[in-house]
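Following are the structures in question.
Below, chain A partners chain B and then partners chain C, in two separate complexes.
Here is the complex of A and B:
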């Protein structure tokens, strides 16, 4: 009990330290970038006068020295105020709230799909190792890892949306339809293509790890014994394979939260899907510090959570790896 | 397991095959009926003019500045496609002889989209709110606003400002005092032909006809601006989901079945700023940056560059032909002086001017005078592909004249600091003379992006001050023209040449060829809003 408490406090402290470091780094990088946020916020209109420039800078607190800017952001953030977005001209918290659900649906869906597919493909490859299906799956996995997400996204868009017309192009609701008239099924229809693109990114990872682990399992003495008892491949998979190979798959998949978020930036950009990723890109390109910091911090928490869950699950599922007694 | 996968594969192939067949069917239907518009009626449209709606219907965030106000709102005055200034909410207006009191008589039949009338109080509220905010609209010259009687409003100015008519008065959208708050962009009640039915940032804005619109009923009853990234927008145009998209010059020439290129001239000009004074003459710039350049301040070199460059070639090379040669930031505006024109691409004459001026070709092809090489730095923002292309082509052409422009890729921060001592790949252009005033008046030198070259010609200053303070708008136009060329001097290409303006960019869009986009005139700044600024006048050709 006491050790659990220490574990939790330790994790929270680490998380806070991480957030501080990430926000400071992001702030510094943004300030070092050549983007002038005031000019960017008016689309580099050459007719902006000095007086207007100064008033805009003052309005967003950009006229103060940079360390002061960071500290005042930090103070506001700690008191729950994430600041005003320069681009959206509304509170950062509101912008994030508007986009978070779309992102959560996108990432959640593709995370589950890539996990299930990856595990399945990895298992097939392991059971058929050295044969045709193994070759095909391995080859596909390498391909998935090498091909950039946005490129695959564009190809999917051209093939499935333009050529075949199966899926809509971009955004999360039908074009020209009021949100109140949009059904859940239509929303899902808009989610499929970006989510598939994003899940492709994660499948290979899980597949290759599962394959390795599954091969270990299949080479074990208990599987040999099971075979000797006359169990079929399917029975072996159900009785011995899943339980033993699923641990690395799950761990890998939770630690993959970071890449998932990174991939969602690209997938959302290609499909004009209005989530946090597309907003983050925009904030970075236009020097919108409060928005960028807000999303970065959220993303950092998200990734940290993924890793922590992986840690805990590992401990629960595999007592040998447990870092604290439960 | 193998069998299951095989079956899956076959199912996929089967679906693909049926899809191919149905696609072929669709194609044959397309040829008869034109583009497949996914069943939209011909009085509805979908456009995609970028992934973000600039200004988002909020005047405090510049809504109206790109001429977009008349889609959803009324303004006091209006600029027609032929650049004439006429009344909108104001029936008529008078300016006192000293230029300080502007009186507007208002129409009383304008209504907001909620049915309530537009009153003088709403106008007063709108302007006072923007003056107080002060971030985007230059309205400091307005001292106070009064409503002496119903449907009449009076602006009392601190100093005369003849450009009030052609800028703020035609741009500021009138908002309803009773329904204006911080969430206005999500419920932007206005008195224009369309109202915003729903705006979802990052997704789309849906417009429908304002039921209380006082003017002629627009042809298109409903239209949507879907916020797509440029590549996705082109794909959506191909698939029929979208009818018109904005396309950068690089993508504009892609042929798409049933679509036309809308290639509209715009007053969006690119050129080189040429520091006007020699090094060391001015040492006390208000911003503290170094001022002066011995090469660009040489009148002979400036003249040779202006007549020696081939502007049409810059258009062809850097803009894929989607533009026009530009000689000033106000070409073809009502206050532009056609007498200030010169003939360019005259290499022989440029060479003669240089030789006569003592700039002789040196051993490496670069001209030299008294041991000084005709060489200067040209800074451009690497983030802007178009400016980069223009800079490269300009440098190539100058080299043929024996003038070396050293290209320096840079960013806005650095360029600001260097703006008075090197040439910049510079931009300008609006439909009102304000930018012309501030970029040639000595008082703005060293203060921001306006008069970066430290241009100062007392005669020109006198003309533009007279133009600005004139109470008679026609007289003002006469002075604007004199400032460019009065027969002896001026700030144009025929006179002092503080800039080397090269090209004005066309706004390019691709869309269904059955759409008639009305009289577009010359676009002002802002690729995104410009085409649809008059969408209330658009029609569908097939139905007429």
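Here is the complex of A and C:
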């Protein structure tokens, strides 16, 4: 059997196992929480009668024993049906589809921006290693790693929206209007702050890794030779630095998908940005099991994909497997 | 005034051993050489005698923990790690010792083109011309360094030094091992030709026999010191005009030498 085939089968099995574990864990945690999903789905309406309560519970299958609930969710999921959201009264797949774009825009933008900035900052630090700029960049990176996401988000919110008044607070659609009526510019406007926060969070990771890798490159004999040939620092960066450090940096940045999603949940909460992250929080707080499981599974696949891509890139980097495209 | 003058050069390394104790090693203690315009100086000596370090010290590419003493003068001007920058790749060309000095991620033709003057088409033309001149195929340019044979790699490294029209000094760190006869003669002839045009050449080598074909003088290194500096003509069959004991021993120990004595 060939190697690639084994690799793919192995990955798929692991992914399935992961999804099973993650969904079971999420389900268990949700059932252990004190939230009553039936009451939450009607917004704790005090007029709800016992009969109505039971009809809703029966409709969503919430009257069955919990293991049965999980298994029936699993069976439906495997046949492609993610179930109905209690809160939105719509199929989970539809809810996710509506929110996914907002989240994809947010995370995609942040991922690219933080990657580019991180690579540049890491490179500057490496070229100036041991000097002032290296110190500043390193210090800021460590600082960023230690500061929690929501805190940075709140600071941004206070500074840009409340103090400067540049950006609207919350919701990617102005209040009282339909999504379809909002212009692209308005949506972008609402995207800026959460995206900025999330970008900032991703920078330190790439910066520190790029710095390490770029220092290796700068200590290499081929860079010595480039110097001996009269190449300036800038030429060395363009001719040798980027091409030798960029793949490891991208690899590291793919493993960052997990934190990116986690960060987006917080950033969306802070800025009331209606993406998957905010929806996930809502589903959790109101005991909307199908929605929560649906988003959790999607997020797990997303993170798994990031790590798998990083794995593959790493493999390509391994000198034993390396063969450059010609 | 000589082109290049190295007086009493020393190179030490500040190192950390076990348990973070600091110590200093001094692989180069006292090297002195001189190269005039159009002159070829062969630098010989056992492995580890400091030949490459001398070249790196001149080019200003020693590691950060190196401490340099003594003086290096190019055309009468003292040079150090900072002032060498204006000469590198222009007046002074360097040919390094191993393939690790090529960027592993870049096709060799693109590496040769770096630093070539002119617009893109001119650079391509010049690079292809250089490849042809040194017996490299046009398709060899599409290879990555790790795909080159030892001899091809030497020739590629060699072409990188033939780039600037302002070159006055070439420092070649073992440009010949591993290349076959005809390519060897090509490289030696090329060095001879550029020397005849007034360029000074420092040829670091283990291959004394080949070096003697073109060298004017020979400098002998031992354990980081210059122990001898003599005209190339002193190396005769039995070495009787070699006064220095170490030089004579080096000469007699050559495998080619006993071969020559046998016939």
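Quick notes on this one:
Keep this in mind: the second predicted complex is superposed on the first by the 297 of 326 C-alpha atoms of A that agree within 3 Å, B and C clash if a C-alpha of one lies under 4 Å from a C-alpha of the other, contacts with A are read in each partner's own complex, and residues count from 1 in each chain.
What we mean here is this: a contact is a pair of C-beta atoms (placed from the backbone, for glycine too) under 8 Å apart; a residue touches a chain by one contact, two chains touch by 3 or more.
Model, not experiment: these values are computed from the prediction.
Of the two partner chains, chain C is the only one that A:243 touches; chain B does not reach it. Contact with chain C, but none with chain B, is seen for A:227 once the two complexes are overlaid on the shared chain.
When the two complexes are overlaid on their common chain A, residue A:64 makes contact with neither chain B nor chain C. By the touch criterion defined above, A:97 lies against neither chain B nor chain C after alignment on the C-alpha atoms of chain A.
Among chain B and chain C, the chain that touches a larger number of residues in chain A is B.
Of the two partner chains placed around the shared chain by superposition, chain B is the only one that A:164 touches, whereas chain C remains out of contact. In the superposition on chain A, A:50 contacts chain B only, with no contact to chain C.
After overlaying the two complexes on the shared chain, residue contacts for A:124 are found with chain B alone; chain C is out of touch. The touching residues of chain B, counted against chain A in their complex, run 1-2, 5, 19, 23, 26, 40, 44, 46, 51-52, 54, 56, 58, 61-62, 65, 134-136, 138, 140, 185, 197-198, 200-204, 206, 222, 224, 226-229, 231-232, 235-236, 238-239, 241-242, 383, 411-414, 426-428, 430, 434-435, 438, 444, 447-450, 525-526. Of all residues in chain C, those touching chain A in their complex are 56, 59-61, 63, 85, 88-90, 93-94, 96, 98, 100-107, 114-115, 142, 144, 160. The residues of chain A lying in touch with chain C in their complex are 219-222, 224-231, 235, 239-240, 243-244, 324, 326.
Contacts from chain A toward chain B in the complex involve residues 34-36, 39, 42-53, 55-56, 59, 87-89, 95, 98-99, 124, 127-128, 133, 154, 157-158, 161-166, 168-173, 175-179, 233-234, 269-272, 274, 278-279, 282.
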